[in-house]
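The two complexes that follow have chain A in common; it is paired with chain B in the first and with chain C in the second.
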Partner chain A sequence: MTLEATDCLVKLYEEHHNLEDYQGGVPRWCTGCGDSGILTAVQRLCRDNDLAPERTVFVSGIGCSSRLPHYMKTYGFHGIHGRALPVAEGIKLARPDLDVFVSTGDGDCCSIGAAHWIHAIRYNMNMVVMLHDNHVYGLTKKQASPTSPLGFKSNTTPRGSTLLPLNPLTVTLGVQNVSFVAQAVDWIPELLYEILAAAYKHKGLSFVRILQRCPQYLPKMFDPWLQDPQKSLILTHDRGVRPSAGLAKIYRNQQEHDPSDINRAREIASLEDPIPVGILYQNPDVPRYEELRNAGQLRTADYIKAGLEAEFDKFTIWPDGHDAPAA
Partner chain B sequence: MNEVLTSDRPKARAGEAASAKKVVTLDETVVEIISDSGEGAQRCGQSLGAIAAKSGNGVWTVEIIPAEIQPPARSVAGASGNRIRIGSHRITNGGDEADLVVAFNEQVLLGRVRAGELKPGCIILLESMWRTNRNAAIAESYVSTHDQLVKAGYRVYEVPLELECRKLVKDPRKGKNMFVLGMLCSIYSLDLELGREQIAIAFGKKDHKVIESNTALLEAGFAWAEANLDLKYEIPGVPVTAPRMVMNGNTALALGVLASGMDICAMYPITPATSASHYLSDCFEKVGGIVHQAEDEISACAFAVGASYASKCTVTITSGPGLSLKQEAIGLAVMAEIPLVVINVQRGGPSTGQPTKPEQGDLFAAMFGSHGDAPKIIMATSTIEDCFYSVITARKLAETFNMVVVILSDANLATAQQPFPRPTFSEDWLAPPLDQAPVPAGARPYDWDPVTGLKRRFIPGQPGGMYTLTGLAHDRDSHVAYDPAVNEESHRSRSLKLAAFQRTLKPPAVFGDTEGDLLVVGWGSTKGAIEEAVTRLRAEGRKVGSIHLQFIQPMASGIKEIMQRYKKVMTVENNWSDDPKDEIINEDNRRYGQLAFILRSRFLIDIDCWTEDRARPIKPGTIVAALRAKLAQ
Partner chain C sequence: MMRANAEAQNRTIDPVAFHLTGRRTDDGSDAVEGLQPALLAPYRELTSLRYDFPVVLSEEGIHSLTGIVNDMLQKVAPPGPTSEQLRKMILRLEREIRRLLAEGVRGTLSELWDRAADRLASTNGAEFAQTVRIGRAAIEVDGPCIDCDGTAAASIVGHVWQGVQNEKMRSFRAIVSRLALKLEDILRAEFIRSPAGRSAGSLQASVGAPHHALFDFSAMAGLLPPALAADALPEARRRRIEWALWVLKRQRFFPVAVGHGRTGDIAEPYSFRFENCAEAVGAFRARLADMVELVKAMATAELEITGRYVDERHDPYFDRFDASSLSAKDMGLFPDYLVVTVGSSAADNAGLLDALAAGLPLKIAVVADDVVEHGAAENGRFTFGLRGTQLAGMATGLGEAFVLQSTSSNLYQMRDRLHAGLAFQGPALFSIFTGSPAPQAQSRYLTSAAAMQSRAFPAFTYDPSAGDDLASRFSLENNPAVEADWTVDTLDYADENLQRTSEKIAFTFVDFLVADPRFARHFVSVPRTAWTDKMVPVADCLAHGAAASTDRVPYVWASDAVGRLERLVCDDKAIAAARRCLEAWHRLQESGGVHNSHADRLLAREKAAWDDQRRRDESLKVEVASAAPIASPAAAPAPAAAAEAKEEARSPDEPYIESGRCSSCNECIQLNGKMFAYNENKQAYIADADAGTFRQLVEAAENCQIGIIHPGKPRNKSEPDLDELMKRAAVFA
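Right, the complex of A and B next:
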């Protein structure tokens, strides 16, 4: 098919999308919730990459974070608690042509869905996984999560939580086949966007932990980092992200880090103060499960019939009493 | 691998032996071959079944499987092997007690004797090497067991299996089974050439020497039996006029998945379902399908739901405990109206129960397992052939009604082999290509039809169809809705779909007398045994009939009318029900078999049940006794 130049322009215009094309329902998150910043970054990402809304699927589990698909105007799948990753994997294996994003919270991913988290990293399917980590269960009203700080007083830990928090970055970096790990914070929108954009471009499972404020149940949790930019270590690299000149003036604590260095990535992941912000690890060469399994093959009726008849032959008794068809 | 030590091969073939033995013609017979795990009794039994099927006999084989992979040698609980029922007519179940048993040691044999699996006077061919075992305890155990069995009236033949096989191979442990196969070919007048063919198939992928040495053992066994045994039977077969296939239920399920046009099976290993996935893993990818082994049962189901949502209907295969784990994701598929096929190969429960043994214990779990009102289609397979076609039907139903369809098979069908007519491929079996056309303006993702509850499914990739699916209560736009009227409407729509499908079902066919004294109602793998029991009772002049339900939810119209034509109605099920004769059991506290419970609540008829829960297939003779007792009440 050939198109006139003007038709091409019209087509380009038609296929171009604005921010509104990705905006679904009005978010019902609390005022000041970090999820809003993530939603904004994601919508911008879709627009800047001109993703076709009908070929984009946002998958989530259960929790505040998992409402995100409802606020997109793409296809969305708001499933069950902890199972966003298996659902997303099923979608991607069935339809490798779709762009898949996953929103999951610290309870959804690191607690009830922890088994799936580990294995999703192993599968390394091409999708962006956003861990909305606010250190608390919000939707069920303030229970301690696996990433809650030690001593956190919640409805299930009224005398303070007794366990040290789990570190999602070190866990992820410890799993075989890990291919992309980054950390962003909701209060630096520029880097949040840049990191998500890099995650989208990466071919493989991009795991982005996003530290996120919960003004309702942990209002002061991130105050020290908001008040003191030195407490954030900005990871910079040509193959990672670089803050703009303006941002660099505020966040002066920067470190050049080569994202291909997994040992250094693991050291950085373990830092508690300052916290790293940027791309910790990236390896574009890790095989992707959907490609290893040859997903998305065209299967015609003749193709299936031929395979089926060949299998039937293995079990068939022909009228002459022998195993092969009488030729 | 065995090495051939001698080339001194007998050339015996059926009919060639210059034997003057009297040939006894049988209508049917039940043979068991049992050994320690790893001695090849399974392969021997399956080969015998295949040879008989090729000879035009009706065949049903039952695997005898210990729960452990390597149970201790010579243990009563470690019996591994096969039961083969061979007949002149179509055989639909494993039958009653065995007529002839080949045992590789006396301990595994004792296991079968104690389980009541041998007919009085049963012929026993017993490996005799233990008599002279250097371990005095073993020799003593053999001798005393042997004497005990002879005393009990069994016809025991001591066979020097080890001694004879050692003439041909270094390690008879891996070869006795083919010697035994040769013996059985002689005893049942089966064509030895078919035995040779079977060896070529079984060992086809291996070294040619393996085929040669096994063939030598087969021939030696045949010659030994011809020369040393006074046993000669013939079970006339009916010539095969159309191609038939012989396989077990799990293989048939896997082929059904292939034939249904589904693209993906997501599973997690669990007994006894896994062999279906094993075979599917082998054959599915040759035609572009994928078997995804997930990290757990929950993930397998959620994965299948995700794949179904974005593409064609997907299948997940499991057994009891796995079904329990999948229930939440099944509920999501029900709520969001995503097509999904769940195959549950039932095993003994509850909990880990009896993983390798049959039970029909998951009907309630399949129907009511998810929380809330979660209507889904429940169907049960009753023959090997049925296992194949059920999957094709289930896929179609799932996509037509955007529903979850649960197929209940069980460990009995999973491992039983039976011939059935080779299916003729039809393109109608396959799922249509994905609809990727733009969604018409104004169409909504949950536009429930007010009469049928049906709605059109939007598939990612369809322009204009973008919506966010949710497991929360939702309105026609798939928006989260807490409105009471919307909640009611969505419940009603999901429920109506079952009724809409139910209107297309025909009443089940009645087997036996269409009216009379007793109607037996069954479901699943008990069909063959029930119908055989009905046939035997009718031969005694009793007015008995039976129906077997393929769909348990929804249930076809006309069942009540059928029931009303009989004086008594009783289900026969392989699951638990309280015995009314137990001291503290009465009508107020008696728990019924699962199908009986459902029928009683639906039809308000005083339907009785007779159930057996011995974690083995129910024998037709046992059913006959139960029906007689019911008729006598």
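Right, the complex of A and C next:
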């Protein structure tokens, strides 16, 4: 709002929502699935920031995680496999005033959608990207994903997977224009919420990898980390997140990390055990594509028509004696 | 060189008598005229010096000619022996531009550049012409070239104001065009959904004429589902949107963008430049109703395009929307009213303070060419600064207006502050001294620079947007030697034996008066033979008491047209004026946090208290040292044991969940939706421990992957298999 008169009226009749107001339908996820924790954290974020449901969009690709837009009573776009990010970018370009969230899985983002992922990081458009990483294709009943552990036996790798898993954090931190990278785990909901809140506040593409449990196809995968809090390295900083006193008593393995230090962030991202939890990197000064591309020109009907005419004129065959109009 | 005037030596001048009475004891036929302060003698020929002026007013801002030439030389002639010739030629051209301006020629930088080049080319040949062309190609800015003359202040303020208005215009256009586009979108979408929009004619109009024959538009219209009445815009909303659109399109506050020509009956945009406050205030009042209507339309449009307009809530508000509904921020979107008054009298400025106090969006530049009230001086009393410094001082007292005081010679240095003032959201006053017109012995630039140097017209800014306290708002920056009473410079001269001599002298208000012929009769030139030990520099005289004394006769150094030095004794009236000037400067210093009397007193009190404490401590030490050692002082009380964080009092028998760590995975809820429930953050807690069995509690604890469910002790002692369940529950205690 540019006018104080309107701000005042909007504040006067501001609508506040409860968590339930953002709940759209009963999730079909398995009992014990980490997606439920992510959904709860996102709903809390929407409630606490008073996000208007009609001005919020959740976009996803294909997979268990990509069902998330169905369970949010906001606008949503359940897209096609691997293409959540291009759809989200289109939405942001056309409607930069909307809050855009992307839910994508490890298969959706890191396999079929890997090209879009790399370029979305480079474009740095203002949105929150949540990579629900459970290390397995769950919706299609257990195939190895790019982040599956070495030796993982699945329908596509009956003798065990032969490739080392891809590390989405180091890949993202290696892309030019990266502006926000964090890692959360679904079983520490307090930090998951705090990290998503910081990601939402960040202006630029916030990439949050969320390690999540799949109780159906990889039930024991994260047991060591669930049972031993020392195996989680909590990254703390004034410009990052800090666990509450109660949580800090359980997760004592903490390290002060300045999110502006990209080299240290890359080192931390490479850790496999303990796994880092917190904000690895943040740079609010990276330019955003939607702003770079905003020429200040309103896309009026006349403007669009003039642009189209100019394009068509390039291919028009003009009758003899008629010249093409000046560009 | 000292003036050796035999005739003057023959006169019988009594400096003491002149100082005390202002009357000459000789015939007094020749008042001291045509002199200027000795410190300013080196600047007599300004055209051959490189300084801030002239300035070039380009679209990007204000540039000094010297700065432009320096930047250009960096590019085309970096320091080095090869480019020395080029540098010299360009600098000669720069000097020629200054000469042209001094002769009264006006124009843009490029015009003056060409004219100066033509003038010099005739004597310097073809090589010169080529060099100058290279130089000109490397200059990136152009615009009117302004010398520090009587109109400079008005031009510079007007130029910066225009820049700020252009910026506002861009942002206003962006806002209004966007609102208009979105409102049109709503109406267009409404049309497309309407029966008319789905008719064959409308479909045909959306396809290019050459292809009309290819389609059966009637059939296509028949395929479309009929328009539903529920889809239509309510009539009130349509009228409201059309009204807002109409108001947005016929606004007159900013010119419309090129290519969006005004049509039909829409009047020309308003002008915002005025020559006096009354006109500006009158125009503001006359346009207020238009402004209110436009803001109302914009606010309505903002609510409409975000779908937030609710008739029953907002209609009553907008029905009563009037001038009192406008906020300063909303008014800040509109152009400011610029008033430039040149050489106006106090009567002209009568309404000025009222206008500033009213908080109207006025930017008022009061350009004065005299800091010393002429009429009052004739009556034998100085009331200097009435027009300039007093006005700015009074405006500062209003508290909410931006105030800038400066001489025109200093405007280039203060350009950022000037811009801040013109962009300030609220009223602003710019009080500017331009230097007096002829018959001053020196140029306007030098007079205005001397006014600032002598504290006759100090520079300051008062910016209410910079903070809440005076320390943040008031700034004395740009004044020379802010901490001192007067500025002190070195005067180098040759004495009567032609020996080089240096002397540190202060440049006081009395020095400033020397150059003004109207005050010549307050000075008398004292020949070398009449100098006495009682003669002291004005600054030293001012440092003593206020009463005139026969022990001290104040003098200043002056020089004539050929640079001969003279010692001028001034009368007590000049000293009294200088004293008032100094007091005014002290008041400004206090505002600017320099030698603040309150702070000084506080500091003195604290220092005295500190000294006192130190003396007491030292005497105590002496006493302790002389006394016999006594038992060591009682040990400090043992530090209180660190308070341990107390766990929330909870019975170990009660079941509980660490809700803050719950990951909402539904395991426990699935097991018993009555016993376990989610809180407002969708994290599990035990809603009713009696709504299920102890077995369910234990199984929930075992199923919880994070292990945050604690089953406690069984509540129903008759439940089967309790021993086994207790063993399993012990893990989660």
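What we mean here is this: the second predicted complex is superposed on the first by the 281 of 327 C-alpha atoms of A that agree within 3 Å, B and C clash if a C-alpha of one lies under 4 Å from a C-alpha of the other, contacts with A are read in each partner's own complex, and residues count from 1 in each chain.
Just so we're on the same page, contacts are C-beta pairs under 8 Å (C-beta built on N, C-alpha and C of every residue); 3 or more make two chains touch, one makes a residue touch a chain.
Not measured: the values here are computed from a predicted model.
Judged by the touch definition given at the top, the superposed model places A:L150 against neither chain B nor chain C. Residue contacts after overlaying the shared chain place A:R44 against chain C, while chain B stays out of touching range. Contacts of A:E54 after superposition: both chain B and chain C are touched.
Legend: residue contacts after superposition of the two complexes on their common chain; A:I317 is shown touching chain B, with no touch to chain C. Shared-chain residue A:L298: touches chain B and chain C both. By the document's definition of touching, of the two partners only chain B reaches A:I80; chain C does not. Contact comparison for chain A: of chain B and chain C, B touches the greater number of residues.
Once chain A of one complex is fitted onto chain A of the other, the partner contacts of A:L163 are absent, as it touches neither chain B nor chain C. Of the two partner chains placed by superposition, A:L271 touches none, neither chain B nor chain C.
In the three-chain superposition model, chain A touches both chain B and chain C at residues 54, 298-299.
Those residues of chain C that touch chain A in the shared complex are 174-175, 177-178, 181, 295-296, 298-299, 302-303, 307-308, 310, 313-314, 317, 321, 325-327, 329-330, 333, 645, 660-667, 670, 680-683, 703, 705-707. Those residues of chain A lying in contact with chain C across their complex are 1-6, 9-10, 13, 18-19, 31-34, 36-37, 39-40, 43-44, 54, 186-190, 213, 215, 223, 226-227, 244-247, 250, 296, 298-300. Considering their complex, residues 24-25, 52-55, 57-59, 69-70, 72-80, 83, 85-91, 93-95, 97-98, 115-116, 118-119, 293-295, 297-299, 301, 303-312, 315-319, 321-323, 325 of chain A touch chain B. Within the complex formed with chain A, the chain B residues making contact are 53-56, 194, 197, 201, 239-247, 251, 255, 258-259, 261, 263-264, 266, 283, 285-290, 292, 294-296, 298-300, 302-312, 314, 328-329, 331-332, 419, 422-423, 425, 427, 430, 460-472, 479-480.
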